[in-house]
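Look for chain A in each of the two complexes below; its partner is chain B in the first and chain C in the second.
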Partner chain A sequence: MDKLSREEVLHVAHLARISLTEEEIEKFRGELKVLMDDIDKIKNVKDVDDEIMYTPIDFNARLRDDVVGAMLSAKDATLNAPAKNGSFIEVPVMINE
Partner chain B sequence: MSKYLDLSIKEIHELLVKKEITPLDLVEEALKRIEDNKDLNAFITINDKVREEAKDLGEVDPDNIFFGIPIAVKDNIVTKDLRTTCASHILDNFIPIYDATVVKKLKEAKMLIIGKANMDEFAMGSTSETSYFGAPLNPHDKKCVSGGSSGGSAVSVAGGLVPLALGSDTGGSIRQPASYTGIVGMKPTYGRVSRYGLVAFASSLDQIGPMTRTVYENAALLNILVGEDEMDLTSVKKEKEDFTRFIGEDIKGMKIALPKYFISDIVDEEISNKVKEVISFLQENGAVVDVVDMRYLDTAVNLYQIIAMAEASSNLARFDGIRYGFRASDVDDVDSMYTKTRGEGFGDEVKRRIMVGSYILSGENAKVYYDKALMVRDDITKEFNRIFKNYDLIIGPTTTRVAPMLGITKDDPHKAFMDDVLVIPVNMAGLPGLSVPVGINSEGMPIGLHIIGKSFDEATIYRLASFIEEVL
Partner chain C sequence: MSEFTPTIGIEVHVEVKSKSKLFSNSANTYGMATNTAVNVIDLGYPGTLPTINKEVIRQGVRACKVLNCDITRKMHFDRKNYFYPDNPKNYQITQNRTPIGRNGYVEIEVDGIKKKIEIEEMHIEEDTCKSAHRGSVSLLDFNRAGVPLIEIVTKPCISNSKEAMAYLTKLKELLFYANISDCKMEEGSMRCDSNVSISKDDTFGTKTEIKNISSIHNVGLAIDYEIKRQEEMLNNGEIIKEETRRFDDKQGKTILMRVKETGNDYRYFIEPDIPYLELTDEFINDSLSTLPLLPDELREKYSRVGLSSLQIEKLINNRSLNDYFLGLLSYKTNYVTAVNLLLSDISSYLNRHNKVITDTHLSYEKLVSVIEALETRDLSNKNVKDLIDSLMETDKTLDELKKEFNIENITDDNFIKDIITKVIDNNPDSVNDYKSGHDRALKYLMGQVMKETKGAVNPKMASDMLCDALNK
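On to the complex of A and B.
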């Protein structure tokens, strides 16, 4: 069975910001190749109009009035944060001095 | 043990109005059934406040037919203060801080959310086997899959645990499990039901819809789900209508198209024969059924793969381990927090789709794949419109085969899409589609008929479906 190279798998994993174990890299080499071959079939579809359809309905962009509405409380906003300190969400150090 | 939940919604309503039973009786019965059928694995989370909620309704007079009725909600629809996991490790402790618009509507009708139904992880799959919480089982044969991605919703209804459920359908995820489990499942027209609070998979395809035991109950439940919502820009304003209004009418003069592709050799012979039987029956009852050629139907899976994976890769970028959900431990910096969280938090099917989706949208690939798919999508929609100039409805089988055994398609990235080959075209064009049971095969597994309607013409679908349900 055709497979992607290890580098190709690591490239798409990087694009998706997903870390993979060595075992996964090997497994996805074959599985991703199947999907890549599938999506390539679109190139063979002939006789296509060049009109693009982003969404099935025609809708006019509706905008809400630009007024202050209900806001989340700090408690709600941080309720599900995996690491927090008071009303702040903790993340690893982003800027080194 | 009482058997009120085996009654129709109308019959249950009459008992509630006469105060012969209370909402708490219904909830106790549903919880007992769920407990007795735990092996079906239909639910991820049970609402531990549902008894209190039912008691609170005890003194209230029923004001609509869904008052006090227990319902299952697919676990990708957010419910305030009730865990919503999308069947994923990355959200397995997520407590939403608001209700989806459809959930608000259920609560306004004083329905009782019994729990959150199992599903494929982030709705990605066709058997519900990609759930982090294990696959739900088909009540007709527990060795078989329930279908997916709304497998838990389908099992909860087909297994008699609750009379009604909500599912979501991106590429057949309501209709295909409805067909595999022998219930009625409707994907409404794109824009008919607000998607606010539905955890987005592929935003231009996703739609929430009802899964029920009967056509009437399906149409009646859709009545309360629909409507424009300022929180969802793609929801559409329409005149209020009663989707049950044509139920019980005959089908004389109805014009129905059957695309050749839907009875081609990709469909199991027993299913094809059943569909042909139904067609003869429809003709005998005054409907005109013509076999028609339709172009581009065979490209739909390909389009779906490209559009759904691309949109999923963008939508699921929000799961970064910062604001909610799982965060990997032992990370050195922000980059490793993102990649390790996503690597450990997502299952294989989701990883595959996000990786290929990111590739599809990267650089020039967006034109080669995504834009081309959207062009063919436009063509397939025009093809549906061409058929609908001369016909009221399009029909075919919902699936190419009955529910397969567990494990057959797991980890097969291609087969996971092919289960939905007959239902995906509808999502491409944003049309309404419904699966109604039309019998069983020689092994006792349910077969579904797929009925596709014109945009925003769900009522005509229900007319045909109710006629078939009544007589078959």
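On to the complex of A and C.
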């Protein structure tokens, strides 16, 4: 099969919380299939049995001392936000109740 | 009796006590002005890199010990991928494959029966930002983003709401006493999700998850409601769906939030920005060396010095008094009297002035001298009440305060004799009651002596002299 099913595309769209047009669904059936095939190739790489593949870097993580450092002001923290409300960052609501 | 058997599993998130956050050095505090305890790592800016806070790992090791978990020696972090505005990186850094602790337990007792609630695993992860929903928009405060959390997951081994509440009470007590978390459910530093299913046989039924229940009491109510709801559905031939619900405490109901996404949908993979972490014996021993005594150890210790179980529970419920009392144990004194004072006059003073005991001037030496004076009856309970403010607020010794308050006990024999004669003459009925064997009459007469002298006589001396006079 060279395309994902319509249901698979809609499931991924739901996880990403986006709505798709019919045209987009059709487009992603093909494009996402290419991506999924690549992921499947990675999944087929056999894990080393006992040792977990932790990371490509073979050294122990450096632990940071528990000390508070410099922080942003509310003005700077919200500077790049598309919308704000006082010191809050404002986003569209994403719950259904 | 229902034909269904409930199965309950509980997931608890506790905010870990530390100065800074899990992967960034911004402050881990509650109550700061909106979006001021943040830096670019907490906001998920591209190009920023997380570094692990040593203290959080130490707290994780301590939590393993306290909850009887095996400590994972070699661990890594994972990315849990999801789209939601509370996490602008679009993934949460957590531990999926190598949780810091596994196979633990917490022992509870319900209706006299002991049970081990088994802990499947506990892992360290970062908190998300706090969202407040206002109509069509949500307002985000990132002060909470990146706050260290420990998530503790039980096996599905809890049978009813009573066990669930006992488990949460014990868990809260343990983590609080070990200084791992404040465990304040009202401030969100301890959050609880319950998974509930029912079944007629040994197989598990379809579970529903009840999210973010705000108190231990409400966990009990939510579980009871959910069991009843599921029973009614199955009895009506309906099918239970795997879904996430919330508990509305005003209506006393669980309400559907969303149909659950499965674990696969999160597409966990190893966090490539953090190398693996291997804990040495030295690190583990060092972390555990600062663990204070835990509640069950305290119960045993206090029982050995003669405290009643009621005193012990009251003391353990008051952390600052408990810590103070622990220090007192290195002094030789009457500990029962000490606890009585701590839980009565001293607690009452602290509540009245909204203070903790370490904010006061009550040194151990001063408290020991008060206890001694009470034992030798050089001081009455009423005297303590009169002196309490000065005992707590000044560095003056007990002797100095007694002089200042003019409460040197009257030890003049003749004066006391006169008072006793007067009391006996004025209360012939009580005297007869005493002589007929009613001991309570003696207490009444003694009360009259203290009233006449406004509590100024040495109580032991007065009591002995009253008995002599009555027995003549």
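Everything below uses one rule, namely that the second predicted complex is superposed on the first by the 66 of 97 C-alpha atoms of A that agree within 3 Å, B and C clash if a C-alpha of one lies under 4 Å from a C-alpha of the other, contacts with A are read in each partner's own complex, and residues count from 1 in each chain.
We adopt the following convention: a residue touches a chain if its C-beta (ideal position, glycine included) is under 8 Å from a C-beta of that chain, and two chains touch if they have at least 3 such contacts.
Because the structure is predicted, anything quoted here is derived from the model rather than measured.
Contacts of A:Glu7 after superposition: neither chain B nor chain C is touched. In the superposed model, A:Ala74 makes contact with chain C only, not with chain B.
Of the two partner chains placed by the overlay, only chain B lies in contact with A:Met36; chain C stays clear of it. Contact with chain C, but none with chain B, is seen for A:Phe88 once the two complexes are overlaid on the shared chain. Touch criterion met: A:Ser19 reaches chain B, while chain C stays clear of it. Of the two partner chains placed around the shared chain by superposition, chain B is the only one that A:Phe28 touches, whereas chain C remains out of contact. By the document's definition of touching, of the two partners only chain C reaches A:Asp65; chain B does not.
In the superposition on chain A, A:Val45 makes contact with chain B only, while chain C stays out of contact range.
Of the residues of chain A, those at positions 15-17, 52-57, 59, 61-62, 64, 72, 77, 83, 89, 91-94 touch chain B in one of the two structures and chain C in the other. Touching chain A in their complex are the following residues of chain C: 18-20, 25-27, 33-40, 43, 51-57, 74, 76, 82-85, 97-98, 132-142, 255, 257-258, 261, 265, 270, 272, 274-278. Contact residues of chain A toward chain C in the complex are 15-17, 52-57, 59-74, 77-78, 83, 85-97. The touching residues of chain B, counted against chain A in their complex, run 93-95, 97, 190-191, 204, 230, 233-234, 236, 296, 299, 301-303, 305-306, 309, 313, 317, 320-327, 331-340, 342-344, 346, 348, 351-352, 354-360, 362, 368-369, 371-379, 381-382, 411, 413-414, 417, 428-431, 455. Listed in rising order, the residues of chain A touching chain B in the complex are 12-13, 15-21, 24, 27-28, 31-32, 34-36, 38-39, 41-43, 45, 48-57, 59, 61-62, 64, 72, 76-77, 79-83, 89, 91-94.
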